[in-house]
């Protein structure tokens, strides 16, 4: 039973995006990986062709499409062998904060650029001393004569170098309850006092410009407050469902890609005159992984459908985030083991997947945080 | 998103069946387990109340209901702490052979009794030398003057003692190709030459009367041929989908029952003044199992919907059969480990589940057979 | 290095193997296991040959040998028949409390009887369903003249209702809470006021009885105190370590027995015209099973030899226990699957091995508890 | 029993630890690993101190010690830095073929150079992407007067392009098929007609080069034949066994190094106002990690000591390899998870340990191959 009802328009969009991937992304993937950076131009091309922020409403320059267009972009992106043009972070995780909580002025000012690719966004939550535990952040913001002064630092920020606009989580030092002390602000690139650190050297996601960000008496106008003051936590909570869901879609598609690639490789690679796939243990491994991938896809697609109906599935998306990212890592490990020596070679596509996937159980809330959330919902 | 659309009639049926379970099954479960047998009277009561063969058409005495009624009965049966009143084997695996392949005469003769509970059925495939490999059976049938003479033996036959009617798979010794040599026949209890062996002592499923069956020059009329001669294999293949699906529904519900029971137990059992469920590792275990159960349910329900639309999902049901039966066993093992010493005690409901569940990865085609089927479909 | 047992140890191993081969009858085991009984003549013969309490000093009918020798016995017995092996090896359960902490007079009174097969012993420790909560004890013993008067209720007592002597954890300091103020006192099985109730119908380990004990003004001599007053919980924890070594060996033997039965079957059985042992997936299962057993063997023998050398590490013992019980569960479970329908039938023994294996895993203390112990040792010890 | 290394072995262990502490600089390792190079001065110092070829006889600059001592070095080095340890320990890869089967003259020519740090060695065995298909060999050597003329192409050669000598599997019997008729012949790295091509960019083990070798009428003296003509595959299989022991030790050290880094982190890092090491789930992860390491240690030390005693069992070696590589992968993977975002950052080293671990698991021969070996041994040996 097909859960998601893709129309012909959706299919045409997918074809169009596939052509774009083939022409603009795949030929550049190696270079971006080597450069540890995607040029801003690539983001602009994405925007020009209508592949950024598909869900932003037309009054703010967006195409106002449904969430299935987002799904299509993530699915295709999962097979591009690069993670730097991390459009789902921009389109489906960060920009929705502005569209949902921004003032009319903010929306008019920023959203059209987000859609066109002229504004690349980043979100600054994590700090050296605060990862999964947002309440313990120590970047502070103080109001002063119509301005807000930010001091502190953020780390592991995706799009950290490329970003033109940053949503930052800060604490009001005067409020004791950490859950009421956190606000979100919009900080533009080149604001005095906002400094970008060097790119961080990571295991994978090499084309992704992850960086530290520093704030030293960084002054921004009070109008840059996103939503209401002190409700940062609440706003974050409201967006977790879509964040986890999009991560799940990416992880699921990565897992499927890893499995499909391996099956093809084993069918076509002969050792001692027999294809690798003729080994019974390899066949059973594929049968087991195919079963899990099938179940996972059904689960995620069902969540997509529910999400589109605006149901509260924050627990279920926590399940999916942990299950898909865990599965993708298990698949990469197992498939590398199956294929033999070629698995040591960076030419082998699975190698990059192994390196890239390793962060998925960590980011967007570690899988341990996810399990804690699920357990909490069970009222144990 | 709810995959299955239960109507109010379905819900009323479930309530009615629950009441029946409470009144007629639960109070007797312990005795049946001790007796290693369910009295025929219990089958008759099931039939009288309309809980046998819900899908048999009215012209043969059945209620002609949809497959969701079957699902409801299996789901509720999974929580009865007995496996002897194995109605899904009768109603949803064996009787469908008669309804699908039987002659009009056979259907008129046998189906009303199957529905009413006057006829309990069994199916004889497995032999001492042939389990998963049906082609190697050695029970033979030879035609002789309008009769068929059967010689051989069958083993591990559920309802082996109680059965009033047996569908038996036999080989024509004159045909070499085993795939064209197998036919199915209907053998009534008390036919001369048909002898039931003693109940087999098993690890679990104690209320289930599993037996060996012996055939010594057992003569049955040629009219008892089910379907056409030599197409036994084909008929069996056609029914595998529903067989695997019903087993999956049972295993899934057993897994859910095991998990639910354990969660309740751990919430309500204090050690050193704290409930067992307050331990973080126990909470994570529950979160992980809840996630898998959730995914599995979605998968199985989706297959139920597809099956009701008569889609070919024989591969997917093979996936489900292996996944659910494997999951149920893992859950039982893990949950017993979680609850501590009470897990050694036959009073603890999980103990019986552990014993009963152990056969599910073996029967209805071992899970290794399932994986082989899945792999074959991938054309490796 | 490679653990090489000595020649005398090999002889003990062989004697155990011969004994099991001669005395552990399959049909007898089947019947007794169902009836939850142990064949007493087998116990008597085993005792007569010195197989019970081999680690007791010679003056108490022991052989003055170590835990390692006892481990070899346990392994051989359980390899031949898990249920019989368990029943025999737990004859003197908790008597190690007497052996390690008791006075000579107590040893003389009880160890001799156990080693000669005349009596069983058991632990009356826990009062909680979890089975291992030694701190939360309400049973108390009051000193009156030359005697302790014991009142309270114990649960999940091994050899409950059958033992000639129980090692009872009692609160002897009335004002104490938690683990402090608890002492270990022996109570004979036939003491007045001592009642065995609620005998358990168990998943496995069924040749050993388990019940609750009710103490109603049970009076025992003051000299029945084992070890130091107030140190009962510490002594119990030390005993658990020792008991876990033995249990690991029983699990290791059970794994081996299941493995050999499965190996035998897959070498003979054909499927689709080919021996089961010829299928790669079968072969990989055998490899996994053998590896689990190999790992358990290493860990179990090591902690046994360490114990005999006066080194005992709870963390390593927990690892040995986990690995051996997991091997027993996994190997017997997979063995059942390899035998298919036959594996599920009682006649083929494997379902019994599996039930015994799973029960031992629970009896050991569950995985969470074992990991807690391991982690505590790591975090405290590794600098 | 409990594996207790001797005092001289402990001294070797300590010397290795001190050397690694002094010479394995974290920043240097980071840079060299990215550049896929090994710091030659570290190799020279190690050779000067006798850390290379410790198992070679003294006349060839070795220390006349066993594999077990080499295992202790590998473990210590990889514990400190997996990449540096791998780079150092594989300096003389495949030279054991010379050590075990070569003439004294070959030993003198090559082992001395390897042990003194002057040259590297490598194996030129496989011609298949699978990396382990020693039967399907087309490279052939033709005898002409006093020389072998080698033609063909080898793939996935360790130290390819860097080694002073390669141990080459060649078909010397032109009419042969499969494993028969294949011999092992040494070719020096600077031989005319020998070309290293296609250097690999690898997931891990990046301080060791890997490339293909093209042999175009490469002429080597007849005396370069190692062992017996036609027995090349058997010798290669024996070498794989020995190599797997060393690889297991490297993996064991990698697991240990990752574990200690994670332990250190969770003891310091706080989450929700509590030390990470205080969460039960963290503690259980540590328990699992420690248990994996403990198991691998037992199995690896045993096969090393067995090898030194002249007993070598391919099945047990495969078990040691599987358990050690799996421990390295699991422990480094879980360590990354425990460190969260930091774990993913190169600066914290664990991502490198994980890449090295995964690469070693593949280099060892994959799980399927190891289980095939184990199963073969079981089914052939156990009666």
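Order of writing sets the labels: A, B, C and D. Residues in every chain begin at 1.
The rule is simple: contacts are C-beta pairs under 8 Å (C-beta built on N, C-alpha and C of every residue); 3 or more make two chains touch, one makes a residue touch a chain.
Keep in mind it's a predicted model, so treat the numbers as computed, not measured.
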{"item": "Label of the chain whose CA centroid is most distant from the centroid of chain B", "value": "D"}
{"item": "Selected pair, greater C-beta contact count between A-D and A-C", "value": "A-D"}
{"item": "Where chain C and chain D are represented by their mean Cα positions, the distance between them in whole Å", "value": "42"}
{"item": "Centre-of-Cα separation between chain C and chain A, whole angstrom", "value": "53"}
{"item": "Euclidean distance of C-alpha centroids - chain A vs chain D, Å", "value": "38"}
{"item": "Chain A: positions in contact with at least two other chains", "value": "279, 281-282, 284, 368"}
{"item": "Chain C residues counted as touching two or more neighbouring chains", "value": "280-281, 284, 368, 371"}
{"item": "Of all residues in chain A, those that touch chain B in their complex", "value": "1, 3, 263, 266-267, 275, 277-278, 282-284, 286-288, 290-292, 294-296, 298-299, 302, 305-306, 309, 316, 319, 322-323, 368, 370-372, 374-375, 378-380"}
{"item": "Complex interface listing, chain D residues touching chain C", "value": "1-3, 260, 263, 267, 277, 280, 283-284, 286-288, 290-291, 294-295, 298-299, 301-302, 305-306, 309, 311, 315-316, 319, 322-323, 368, 370-372, 374-376, 378-379, 382"}
{"item": "Chain A-touching residues of chain D, taken from the complex the two chains share", "value": "126, 128-133, 135-136, 156, 200-205, 210, 271-273, 281, 329, 333, 336-337, 340-341, 343-347, 351, 354-355, 358-359, 361-363, 366-368, 371"}
{"item": "List of chain D residues in touch with chain B within their complex", "value": "279-281, 284"}
{"item": "Partner chain C, residues of chain B touching it in the complex", "value": "126, 131-133, 135-136, 155-156, 200-204, 269, 271-273, 276, 279, 281-282, 329, 333, 336-347, 351, 354-355, 358-359, 361-363, 366-368"}
